[in-house]
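Across the two complexes that follow, chain A remains constant while its partner is chain B and subsequently chain C.
Let's look at the complex of A and B:
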């Protein structure tokens, strides 16, 4: 009996250790894919950050440099948490990378992604909210479309912050033949665009209070003049101070784009500047 | 942060019922809602979801409402959402829940 129990314990320990190791490997894969190389902009800055609430998560952001010199940005949030959400996040990433190559603008990208993902998401009773935006470095116009995702904020000065003009659309996996509307905003010199998931505004402290949009707006305004990496760090620091390191329920993800007037060009990740 | 969910079912008539949701409808507290949906009897014509005591809903909770709408489409019953505060209404509107429900209802007609 004792030997059988020992054997059982050993087998359970082995299974747990294997599972733990595989989850850690999955986390490494996800973090590598998420927080990988970011495009370098001439006279502009972009950065992204994602922190899963658990070992792995369902938030997603990505960049794609288009042949015409535009920068395509996507940020998204898969329904649910942990491993199941992470699996769907990888599926979403594949759909974006494939759609980004062959579509003209954000609305077309979302339509193609929805077409590619609808059947799987419906089968799994799941959905993904994403916001896709194209930034044209020549004109400083940001065009965007939303599949159920909250709109980005534009920080115009340390006094002036607002959401981009409204556009809405159904989440990916919601309706099979859905098409998406597009809107745009003209950006000016030194303006900052802040894309985010609701894990930021819904981050909770030990009393159950949420960080809320107002605190986010305040920290963005206060640090508006800094470089994007510093603004990103200020948001993370502000969240840490607010939550006092309470374990969060939701993943936290943000993308920051700061533009400069003049002849701005997008450099590809590893290749020379595109003309 | 151990937020709870309570789902109370009341029957208005032979073919109508209400599920009243109190507390947090999120990833960690879905079971009472799943049980509540399972308890909807065959032949029910209308299910009202009352959100007046809802404190928080996340994407998993919203997914459960969408799945109920699909179930309603399959089983031919109507779903009505009532008692939503403006924040919850805005989240549902942004995500596209109302559009999906309207589309399913149109499809089922």
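Let's look at the complex of A and C:
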């Protein structure tokens, strides 16, 4: 009896250790993919950050430098949490990378992604919200389309911050053959665009109060003049102070793009060579 | 507030009273507890009067409830949605996905 119990415990311990190791490996893969190389912008700055609520998460952001010099940005939130959401996040990443190569703008990108993912998402009873934006460094125009994702904020000064003009769109996996509308905003020098997932505004403290958009707006305005990495750190610090390390329900993800004066050129880390 | 539910039965009709936030924390409760209870009815009304907040995962959960019920030919309606919650539904075009007639 004693020997059988020992054997059982050993098998259970082994299984738990294997599971723990595989989850850690999965987390490493996800963090490597999420926090891979970021494009360097001449006279402009871009950065991204994602913190899963659990060991691994379902939020996603990515950049893609287009052959025409535009920077394509995507940020998304897979329904659900933990390992299932992480698996779908990888699917979403593949769909974006594939669509980004062959589509003209954000609306086309979302249409192609929905077409690619719809069947799988319906099979798995899941959805993905994403926002896709193209920034043209020559004209400083930001065009964007949303698949059920919250719109980015544009910080114009330490006094002036607003959401970009509205555009509606069904979340990926919502309707087959869906097409997406596009809107745009003219950016000016030194303006900051803040893309985010609802894990930021819905972060809760021990009283159950949410961080909300107003606190986010305030911290962005207060730190508007800083470099994007410093603004990012200020948001993280503000969230930490607010939540007081209460375990969060949802992943937290943000992408910051700041335009600088003068001629801006994207230095690509993966842009294809054009003849 | 963590989501809870109660069901008022009237013959083949069930009125589901949801109380609390429909968010990521409600995933297991919706999929494992609520949906199986609803499959025995012919008509379901989801009462959102006491749902003050729905996040993106909650939207997905709602869509799954409607989809699962409609697959079983169960008539489903969503009622008494708070204005601020409906604004988010509208932004995500939920009425277009589930059918405008679902919202009463």
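Some observations on this one:
By definition in this document, the second predicted complex is superposed on the first by the 268 of 275 C-alpha atoms of A that agree within 3 Å, B and C clash if a C-alpha of one lies under 4 Å from a C-alpha of the other, contacts with A are read in each partner's own complex, and residues count from 1 in each chain.
To be clear about the criterion, a contact is a pair of C-beta atoms (placed from the backbone, for glycine too) under 8 Å apart; a residue touches a chain by one contact, two chains touch by 3 or more.
Note that this is a predicted model, so its numbers are computed, not measured.
Overlaying the two complexes via chain A brings chain B and chain C into a clash. Once the two complexes are overlaid on the shared chain, A:39 sits clear of chain B and of chain C alike.
Looking at the shared chain after the overlay, A:77 reaches both chain B and chain C. In the superposition on chain A, A:246 contacts chain B only, with no contact to chain C. Within the superposed three-chain model, A:204 lies in touch with chain B and out of touch with chain C [touch as defined at top]. In the overlay built on the shared chain, the residue A:169 is in contact with chain B and with chain C.
On chain A, the patch touched by chain B and the patch touched by chain C overlap at residues 77, 79-81, 125-127, 129, 148-149, 168-171, 174-175, 202, 208, 249-250.
For chain A in complex with chain C, the touching residues are 77, 79-81, 125-127, 129, 148-149, 166, 168-171, 174-175, 198, 202, 208, 249-250.
Here chain B touches chain A in the complex through residues 1, 3, 26-28, 58-60, 62-63, 66-67, 93-96, 99-100, 103, going by the rule given at the top.
Within the complex formed with chain A, the chain C residues making contact are 1, 23-25, 27, 55-57, 59-61, 63-64, 67, 90-93, 96-97.
Listing the residues of chain A that touch chain B in their complex gives 77-81, 125-127, 129, 146-150, 168-171, 174-175, 202, 204, 206, 208, 246, 249-250.
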